[in-house]
Every structure is written in structure tokens, then in C-alpha cells.
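Next, two complexes with chain A in common: one pairs it with chain B, the other with chain C.
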Partner chain A sequence: MFIAILRVIVRRLLAIVPVFAVVTVLVFGALRILPVDPAQMSLPPSATIEQVEAKREAMGLNRPIWTQYSMWAQAAITGDLGESAQYRTSTAAVVLDRLPATIELVICALIFAVCVGMTGGLLIFAVRGTALESVGLVVTSAVMALPDFLLALLFILLLGVLIPIFPVNGRLDPGMQVPSYTGFLLIDAVLTGDFRVIVSAFEHIALPVMALGLAFSPTIVRVLHASLINTYQQSYIQQARLRGLSDREILFGQALKNAIVPVVILVGTQFGGLFGGTLLVEMIFSFPGLGNLMVKAMQTADLSVIMAISLIYCATTLIFNSIADALAYLLNPRLRNG
Partner chain B sequence: MTEHDILRIKSLEISLMTGHNILNGIDLTIRAGRIHGVIGESGAGKSMIGSAIADTLPQGLEISRGAIEFDGLTLTDMNARTRRDLLGRDIGFIPQEPMSALNPSLTIGHQVCHHLARIGLRTAKTRQERAVELFTEVGLDRPWDLLQSYPHQLSGGMLQRVLIAMAFASNPRLVIADEPTTALDVTIQKKVVELIARTRAAHNTAVLFITHDLQLAADVCDDVSVLYAGRIVETGAAERIIHAPMHPYSRCLNLATPNLSGPKAQLMILPGTMPGPVDRMQMPGCEFALRCPLAEDQCHSTRPALDGVGTEHKSACHWPERTGLITAVEAPTGTAAGRLGEKLVLRATGLGKAYRQHDWLGRVREVHALRGLDFDVREGEFVGIVGESGSGKSSLTKLIVGLEDVSTGVLELVGLDRATAPRADFFDKVQLVFQDPQSALNPRRKIGRLVTQALEGRGGAYSAATRAELVKTLLAKVMLPPEVADRFPDQLSGGQKQRVNIARALCSNPQLLIADEIVSGLDVSVQAQILELLSALRKEAAFSLLLVSHDLAVVRHVCDRTLVMCKGEIVEQGPVEEVFGNPQHPYTRDLVAAAQGPTVSSI
Partner chain C sequence: MMGKMYRLPDPGLLIGGSVALLVLVCGIFAPWIAPYHPNDQELLFILAPPVWADGGSMAHPLGTDSLGRDTLSRLIYGARTAVTVAAAASFGAMLLGAFFAHLAGYFGGWVDWIISRTVEIWLSFPPVVLSMLLITGLGIGIDKVILAIVLVDWTRFCRVLRSEVQVARGQDYVAFARLIGFSHFRVIIREIFPATLPMLITLLSLQMGISVVVEAILSFVAMGVPSDVPAWGQMIADARIDMYYAPWGLALPIFAIFLTVLSFNLFGDGLRRTLDPRHTAQRSA
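Now for the complex of A and B:
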């Protein structure tokens, strides 16, 4: 049983590999078509033409594109993603340095979105048939119409400027230092045990998380609400009622486990969107994560960094899709032991 | 055994928000240990009685008058919470569709034990032991394994046993069974009904048995109330109501039901349909008067009261004693068999079908849906296929119409080999009538365009005028008025939709018509209309019919010969009277015994 589930998960993850390989080809090709010269970008502006030529030769840019790709791929497998033109250091190091911040942001936003979405969905469902349900659905649509970056700006205006509860940029109050144990600032802050530091770390991440999470939550509200309504039309719900179960027991004991499946699949498939949303939100809050790095890399045509980040986005989307699939299996006994 | 009343419903009235009544002045009493049947066709309001007792009426409906007393308590005066506390403890329910009545994502054990916890079993161990005890009582094998199973791993009959065990777990004083066997196979039906009867005897429980099936009610129930258009038209001992009814409606229902034994008679056809809640408001007289073969002027102007016509037997008719005057028309005998053509429309030799199944881990296994079928259908012959779910009836129809390919053997249709001849050659000659008239008709098309749908693949050879002419002929064939052509399917009743369905299949003048359970979703009176229509069509049209049905009586009524299928094989075939009158194969014997009605031993 357990081994069978594990096999499904492993098989799903293996299926990612060819997709991922195709994506690398596409991204690599697209970046080589761009009218920028990586060799020139990786040297100071004062470099001579000879120096640029030498660099180009060293980087293999004079060879055919498929040779370039195979060179890149061979290096990438050993963990060498090239050198960042902008920072003049290893791309892998630059990207890995920023990755934890974005992971923190996305995970927090996801938790926030699921909490808000589930609560909203349950509340709107609880008042079904009344005028409040329509009000709830209209509010949901309104929030759904607002993109994350607009929400970010609204939050800065409301909670950062008009009623300054939360700081609007950076990750910690000025002057604070957190030793890096895990690389994840929130965890490190908690590890220091210093209450002021912990509060500060959470305050700084609050606005980006809310902006990103709130933008994602209306979809969850809608899907959960619709799924609950659908579940309640099933005859086992009616039968549970005829056995004398209370509304609460029916909702949490009977209906929710079935109604949650579409939400799990939604979160899994839309997670990539959440990850992509960090691009603008991090920019707005000057949050030192991948999104910010990506924007800067685009401005400076730092191809190896763009490549690395694109692949991280792609990998996350694929992995979360697979996790959602596996979870849907776990939640559905008909699939699990059919 | 105490003899006091468990359930007493007094002049109950349920109405829509608009003031139209769904139920009117229902009086009903059930004593402890008795089974009281409520018989009615869809729309009569029979399920509303159960909902009213459970306080689960659909939105927009309310009890506008009357009272429901349960063992001395007036339910209608109690608050929602106390009423809910009675459910599952003192009032149990057995649902219509066992397959969907248990939560698919929780184990059987979880659901049963949760229910046992609610009715007061404290520890997990006692709950499990009690669950196993209950499972054994309802005749389920390997009860310990069942606790770990999920609903989808059990058959409908097993699930219904689990639900019966749950309903009786708390020794309730009343159990409400709403069409508990409709979704089950005949042989299972019999066992389930026996189980309900036995368990109620063991627990001395009163049972409210809601059904549309007259035969079933006659076999299970002690008393019966017949419901028509929201009123009880006749009530009394089950035996009397079924065999010596004193209300024309009960009599007509009886005559509209095909029998498995006795002389073949033409089925009683009731004109029109049951009036809906809105129409009833405009009827000062008896609601049945419009369809009643005995109705006189007085019936249309004054409503008869439900008066006694014998010991504990009441009928709402002005002339209950005339009921016996309604008689069935003898079926003309021997006409059909003589008109059989010599040519074979269908011939199957060693026909087989295997499916390759992949489970979710990608393992492949072969499932033999059909094995070595040998049979033929002659020109103009009506052949029935009977068998239970999983017997391969549907696979066979799919093979014949060409939705699936033949795996082994030869299937010759209208002189062509199914496997080699191009599919298009068959389309005009073999047509299918679907089971569910509702979903088989595109709701956005008018009836006129639906019945001639078969012409659409034939190019522009038909002008609008010929097409309109064809529509008229087809509708006349299935006895629908020509103005129906301009309506949408939603504007027709279930029986009318099924007629349209048949008309559509007849459009291309097929040589073979396949009817897959075409009456199983219909009420008795509508079923009678469709069956008689088939018999009538047979006299004029020269097509053969393959009628797939789980109902042996239906097959006996319409067909000349029958095939009995079991687990993908034909276990017996021959003329209907021979096969059903003197079944040879043990499986056929089981089927016939089950269809003749369960033998319920009342203790």
C-alpha cells in the first residue's frame, strides 16, 4: 500500500525529467536569439575588442548553438550554471543565495491563501441561500479582479503609509542582524530566540505575503464553495442527515474530505502562478528574492541567471503539479485501491 | 408484542410557497411490528411523507396543516434539535440508492462505528464488535474485513445490507424505507426485502415502505396506502388492495403491470398524466376522474371522501363497488409468431468480447465481458435479453450497434459481417433506443429536428417538405400529436420523451431495433403505454427488436423469445413461455423465483 503510493510519486517525478529537458532547450534557444552579447556583458565596459573576442571564444559562443547547449547541459549537470555577468561570480551561488527568501515568501503566501480561501469558502457556504452569500461572492469576484501587484500597492498605501502598521521594504529593521544557520531568515530569526528580531522578521514579510496570498485566495474560495455545494447534493450527505448528524458533523466529518480534492488540485496546478507572482511583488517591496534578481538580470541581460531562474520556476511548477496529483490519489480511495 | 401505534399522521398537508398542495389530508397509522406500504407513481408525493417525518423537506416546501405523531410525541411541535436527536436513534432510514448513500472517502467501519458512537456505544472496541455482530445479523460475510473496506469495493446489495444494519442498529421504533430495492438486481431485491421483513420482526419495528412496485408491496407489506396526486385514494390490508382493489386507480395500476404468469392480457393504458400541484387546484372533483374509465359527472364535480368499504379498508371513490368492472383486454394470441420472416437479421456464432483493463499502476489484465455467444434473431422477431448487472447485456448491445469491436467469433447483421463490412452500412439498419429518455434527447433541439436526426448524415437529399412530412408520419407512428414537433424535450413528459426516442430510432426504417432498458426508469402506467406502443408498432412495421431488460415480466409481455445471460454467457434461450414457465438452468430458476416475488415469513 505505502510502497504503491511511493511508486506513483516516484513515477510522476520521473515523468518530469523529459519535460524539464525540453524546457531547458526552449529557454536556452530563446535566450540565444536575444540581440545581446553575453561575452560583452560579462566584461567591464572598458574591455577591448580583443578581450571580448577571447572571452567569446572561451565561452564557446562562436560554436554552433547545439554545441553550446550541450556544453551548458554538461556543466549544468555537475552543478555549474555558468558565471553571472552582473555579479561576476558563479550563477549557482547567486541564485541559491536568493532562493530561500523566495521560498519563504511563497510558502507563507500559500499558507495565507489557503487559510483565507478555506475560511472564506466555508463562511460563504455556511450562509448559502441568504443575501450574505451573494455579498460574499461579489467581494470574492472583486478581489479576484485585482492582480497581486495592485494589491501590493494598495497594501503599501493602506497599511504602510496611511496606517503605518507594517514596514514596506527590506527583511529586517535597520541595524538588526541574524546569523545564518539555515539560510531561511524566518527560521533563523526564530532560532535566535530574540523576540524583537522574530517580530521584525515577520512584520517585514507580512505585506508581500498578504498581497501575494490574497490575490490567490479568491480562486480557492470559489472552488471550495462550488465543490461543497456539489458535495451536498450527494445522497450520502442526505443519508448522514437522516442518521441525525448535526450540520457541523456533516460539514467537517463527511463533506469536507470529499470537497477538498478540487482545492488540492487547484493549489497544486496554480502554484506556479504564485511563484511567478513573486516577480512583481518582490520588486515592489524590494524583497531580496529570486523575483527581484530576475528583474535585475533581465535589465542587465545576465543570461545565465535568467536561465537558472526560469528553470527553477519551471521545476517548481512541475513538482507541485506532481505533488497535487499524488495527493489527489491519496484522498480518493477509489483511485488508491480500485 | 405490543400493538400500539408508532406513527400516526393526521390530515397532513404539505404545500409549496405558492400555496399549491403537494400532499393533501394524509392520514396514516402504523402499529409496532407492521410494515405499511405507500404506493404511488412519481409525482404522487410519496417521498414527501418520509421527508416530512425526518424534517428534511426540500426548500420551498412546508407542512401547512396537520400533525405527525411518533410514539406519543408530536413531531410537528418539537424544535429542530430534538427532532434531529430522534433520527438514527428512534427513526431509521433505508435509502433508495445504496451505492451513493455512503461516503466514498471513508471506510465502512468508520461510518458504521461513528453511527454506533452516536447511539451511545462508548469504546472503540465495543463499537467494532457490535458492528461485526450487526454485519453478521444481516448476512454479510467476513465482517471484520468489511470494516476496512471502502464503499466502492462493495456491491449494491452488500451496501444495502450495511445500510439496513445501520438503520436497525439502535433498535429504532420506526424505519422508513424509501424505494430500498429499486436500484438493485432482482435476485438481490428479493433478499433485501426478506432481510427488512425479518429484521423488523426481530426488533418489533414499524416500517414505512415507500415504493412504486405493486408486486413488491403485495409481498412485503401488511397494509398499503395508494397515493395519487397527493391524496390517499385507497388504504387497507395489502392482500386486498392488490388482489381485490376497491378504487379504480389501484385496479388500473394492477392491470398496467405486466405479469410473469397467467394469461397474457393487454396492459391497461391510462390516458393523460397525473395532474401536477397547480392543476389539482382547479379540480373540484376526484383528481383521478379525468383518467378513470368509470368516471361520471359527479366525479368531476364532487370529491369523494376516503370512506370505509370493509374492515380497515377505505377507498376514496363514489362507486368503489364498480371497480371490478374494469377488466383487461385479452391479448390477441398467435398473430405475431406467424408473421416471422425466414431471413435472419442477426446471427452470432461464438461471439466474444474482451476488454483490456489498466489499473492505476499500469498493470494490464483481460476481462472477458462476453464469451461464446450463439444466437440469432429472425426478421420481425422480438427477442428479450434478461440478466443482472454485470451479465454483459450492455456489452452485447454495444457490439451490435458498433460502439465496440468484436474480439472473437462472428457477428452477422442484416446479412453483413460486422467485423469486415464498413460501419456506415449498418447505421440505417440497426438503431438503438436509449434507456434514459431525458439525457438521450438534445435539450436544445426541437422534437421535429430530433426525430429526423438520422437523415443529417445522409447529405442534402431530403427537402424541408419531405422532412416535415416524415416528422408527421413518425410522430403518428408513436401516437404523438403532430404539434409536438415544435416543442423542446423539456416540455414533454417522461413517457412522451421515450416515444420521441423510439420515433427517432424508427426514422431510417431499421431492420433491427435495440432497446436497452427503455422502460426501467418509467412509472408503471407510462411503462404500459410504451410496451403497448411496441406491440402496436410490431403489427405494422417490419422490424426485429432486441429488448434488454432486467424485468422478466416486461420481456414476457413483449417478446417471442428470450436469452438469459449470466456472467457474459447465454445460459438459456428459447420461447418466453417455455423459459420462464419451465426454467432449466439454475440461474434462470433463481431469476424467475425472484421475479415471482419474495416469500416473506412473518413471525
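Now for the complex of A and C:
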């Protein structure tokens, strides 16, 4: 059983390898078309023309583009993603340094979104047929019209400026320091055991998580609500009711198991959007993660960083798509026979 | 259960449609409606509060920004930018997406394979990332923003419409049209396209909302329209610095974006309920 599940997941993950390879070619090509000279970018402004020319030769920029790509690909496989023009150090180090912050943010936001979305969907379903259902659906539409970056600004305005409950900048109060055990600040803060540091870390991540998560939740509410309504029309629910099961037993024991499948697919396919949302939310909260780095890299045309982060975004999106696909397949026996 | 309620003209369609129309009118007639030119500075009235707050005056009903520019006028001209981008970009994305969707869905085989793989690769980028990447390459300007949105969002249309086309393709009347010797082109335009039209219009309305958001995002990070063109995203970015003294300057453009996107979404959802017979049937079952 376990091996069968593993096989399903591995097969889907293998299917994304060619797609990812094509993506690397496209991004590489697109970035080389930009009117930016990577050699000039990676040298101080005082460099002479000869120095730039020598650097171009060293970076292989005078060779045809497919040679450049194969040079990049060979280096990338060994973990060398080039040098960041902006920070003048290895791109891989810069990116890996910021990655844990973003992972932490996205996972917290996902948990928040699923909790809010599931609760909302179940609540609206519980009051079906009454005026409250329409109210709930209108509220859902309203939240849907607020994208993550607007929610972030609204939260800053409401909970940071008008009623200052939460801090709106960075990850910790000024002056606090957390030794890096795992690289994940929340875990490290808990490991220190210092109550003040833990509270500060959670306070700082609260608003970005709420902005990202709340923006994602209305879609979950809608899909769960619609899927529950569909499930309740099936005869096995009727059957369960005739057997004398209570409403609660029917909902949680029988209906939810099937109704959850579209939600799983939704979370998997829309995860890329959530991950992409970190770009602006991190920038707005000065949160030192990948998104913030990406915005800076795009403003300064730091090609190797743009390339590395784009590929991380693509890889994450592809992986989550295929995991959702595999999960839906495992959760729904009918798909297996078809 | 819900069937009876939606027999009447759909409330979402009505409300969403009228608000969207209002924004559209604001955009088109901006020079006649707006009390001031959006870039006129009155340095005596810097960060003036709106009329309902302490110290507000009717001279600037919604206050002014940090350069003394009238907020109401900038909001109205911002509507013009938003509506222009939303209409042009959504229409462009629709044309491109519908074209490839009909090709893929109608011909199937290797055409379908290539188009579907392309869409798959496109969708592996988070849309925000892809549009910002494109702007890095294209440079800023209204036309560049429109082009970037078209190039990012055509996949939304392509993916949904392709399966609609496949359904229509399997219908008997399409097979009949082929049998009596209509060309592929004529079958697609005259027989299949009308069948996918309801879905197309619905997607278009939803895409308008998405385009407004993308335009706001791009102008917020100064990768959108040039700085002399008023845009809501840009107003938000400007007002962010002064939000401690002038919170209204930040709240108003946020509200404008919210209202516009909500109206397009309501309109789109209303259209879907009204135009799609399957949906009505499901609802009343």
C-alpha cells in the first residue's frame, strides 16, 4: 500500500522534469534578451572596457547562446548558480539564506487559509437555505475582491497604524537576536525558550500571514461549499440519513471525505499563486524573504538572482500541482479505475 | 433550493453591472468630471484631509496627497488608466486564448499536444512573477502593461475554453456541418464559436477584475505606467509613506480597486449563472 502510494507520487514528480527543463531554457533565453550586460553588472562601475571585455570572455558571453545555456546548466547541476551582481557573492548562498523565511511564511499562510476557508465553507453550508447563506456568500465575494497586497496594506492601516496591535516591519523587535539552529526563525525562537522572543517572532509574522492567508481563503470557502452541496445530492447521503445517522455524523463521517477532494486539488493548483503573492507581501512588510529579494533583483536587473528565484517559483508550483494531482487520485478511487 | 431566487434578474448581475458601468463612465469622461487636473499641485494644501474629517473643505472633497494633488481627481483619472488597461488587456488575452483554445480543441492530436504543453509551462509561473519578469524586459508604459497581461493571462481563457470546444466538437450538429462539406474555418466560426460564447463572456468579465489588480500591482512597484499618468497602484505607493498622518490617502485608492474588482466579479458570476443552463439546472435540483 505504502509503496503503491509512493509510486503514484514519484511517477507524477518524474513527469514534471521535462517541463522544468523547458522552463529553464525559456527563462535563460528571455533573460539574455534583456538589454543588460551581465559582465558590466558584475564589475564595479569604474571597470575599464578591457576588464569588461575580459569578464565577458570569462563568463562565455561571446559564445552562442546554446553554449552559454549548457555552461549554465552544467554549473547549476553542481549547485553553482553564478554570482549575484548586486551582492557580489554566490547567488545560491544569497537565495538559500532567504529561502527559510519565505517557506515559513507560505506554510503559515497556507495553514491559516485552510483553517479559515474550511471553517467558512462549513459554516455557510450549515446555514444553507437561509438568508445567512446569502450573507456568507456576499462576504466571500467581497474578500475575494481584495488581493493579498491590498489586504496587507489594509492590515497595516487598521492593525498597525490606527489600532497599533502588531508590528509592521521585519521579523523581530529591534535589538533581539536569535541564534540560528535550523534557519527557520519561528522554530529557532521557540528553541531559545525565551518567552519575549517567541511572542515577538509570532507578532511579526502575524500580519503577513493573515494577509496572504485571508486572500487565499475565499476560494476554498466557495469550492468546499459547492462541493458539499453536490455531495449531499448523492444517494449515499440519503442512505446514511435513512440509517438514522445524525447530521453531524453524516457531515464529518460521510460527506466531508468526498467533498474535500476538490479542495485538495484547488490548494495544489493555486499554491503557486500563494507563493507568488509573497513577492508583494514581503516587500510591503520588509520581510527578508525570497519575494523581497526578487523585487530588488528585478529593480536592479540582477540576472542570476532573478533566474534562480524564478526557477524556485516554477519548481514549487510544478511540484505542488503534481502532489495535488497524486493526492486527488489516491483520495478518489473512481479515478483509479478510469 | 436556490432556484427561485435566481429566476429574477440576477442581483449580482444588476449591482455589479451598474457599479462597473459607473467606473467605466468615470474613466471615459474623466476630464469633464474631475474638478482639477490630476497633476496640478497646490502646495498650500498638502495632505489635506477629506471633507468629513476635521479640517476638511469642499475645495478638495477627498483631500490632497503629499504633493498637494487633488485625491478625487486622481481617483477619477486613475479609473481611466484602470479601465483602459482592463478592457484592452482582457480583450487581447481573450482573443489570443480563444484562438489557441479553438485550434487545440477542434483539431486535437499534435496541435492540441503542443498548445496544452505550452499552457502547462506558462502556468508553472506564478502570474505575478511572470508579469513582473515581462515588465523587466519590456520596460514601463501603459501599452507594455497591457501586453504583459495579455501574454500572462491568455492561458486562463485557453485552458477553460479548450474543454468547452471539445464538448461542442463532439456534438452531432458539428459532425453534420462537416459532412455537408463546410470548411474547418467555417465550422469553427459558425458552429463551435457560438457554443463557447457564454463561457467566453463570463471569463472576460472575471479577467477585467484580474487585470485591474495586476495593473495596480505593477504601478504599485513602479513597474507599471509612467509616473505622470495617475494610477491607483501608484497613489497607494505614494500614500504609504504618509499613512501615519493621512490614512485616507491610502484607504481611498484601496477602496476604489476593491469596488471595481468586486463589481467585475459580481457581474461575471451573475453572467455565469444567467448564461449557463447547466448551472441553473444544478442550482434548482
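Assume the second predicted complex is superposed on the first by the 333 of 338 C-alpha atoms of A that agree within 3 Å, B and C clash if a C-alpha of one lies under 4 Å from a C-alpha of the other, contacts with A are read in each partner's own complex, and residues count from 1 in each chain.
Methods note: a contact is a pair of C-beta atoms (placed from the backbone, for glycine too) under 8 Å apart; a residue touches a chain by one contact, two chains touch by 3 or more.
It should be emphasised that the depicted structure is a prediction, and the values quoted were computed from it without experimental measurement.
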Partner chain in contact with A:245 - chain B first, chain C second, else both or neither: first
Which of chain B and chain C A:146 touches, first, second, both or neither: second
Which superposed partner A:333 touches (first chain B, second chain C, both, neither): first
Touched partner set for A:305, first chain B, second chain C, both or neither: neither
Which of chain B and chain C A:33 touches, first, second, both or neither: second
Greater chain A contact set [chain C / chain B]: C
Partner chain in contact with A:129 - chain B first, chain C second, else both or neither: both
Touched partner set for A:109, first chain B, second chain C, both or neither: neither
Partner chain(s) touched by A:294 [first = chain B, second = chain C, both, neither]: second
Partner chain in contact with A:189 - chain B first, chain C second, else both or neither: neither
Chain B and chain C footprints on chain A, overlapping residues: 129
Of chain B, residues touching chain A in the complex: 54, 56, 59, 84-89, 93, 95-97, 100-107, 114-115, 118, 150, 152-153, 163, 166, 359-361
Complex contact set, residues of chain A against chain B: 4, 7-8, 129, 234-236, 238-246, 253-254, 257-258, 329, 331-335, 337-338
Chain A residues within the chain C interface of the complex: 19-20, 22-23, 26, 30, 33-34, 128-129, 134, 141-142, 144-147, 149-150, 153-154, 156-157, 161-162, 230, 233, 272-273, 275-277, 279-280, 283, 294-295, 298-299, 301, 306, 310, 313-314, 317-318, 321
In the complex with chain A, residue positions of chain C that touch it: 1, 5, 12, 117, 120-121, 123-129, 132-133, 136-137, 209, 213, 216-217, 220-221, 223, 236, 240, 243-244, 247, 250-251, 254, 257-259, 261-262, 265-266, 269, 282, 285
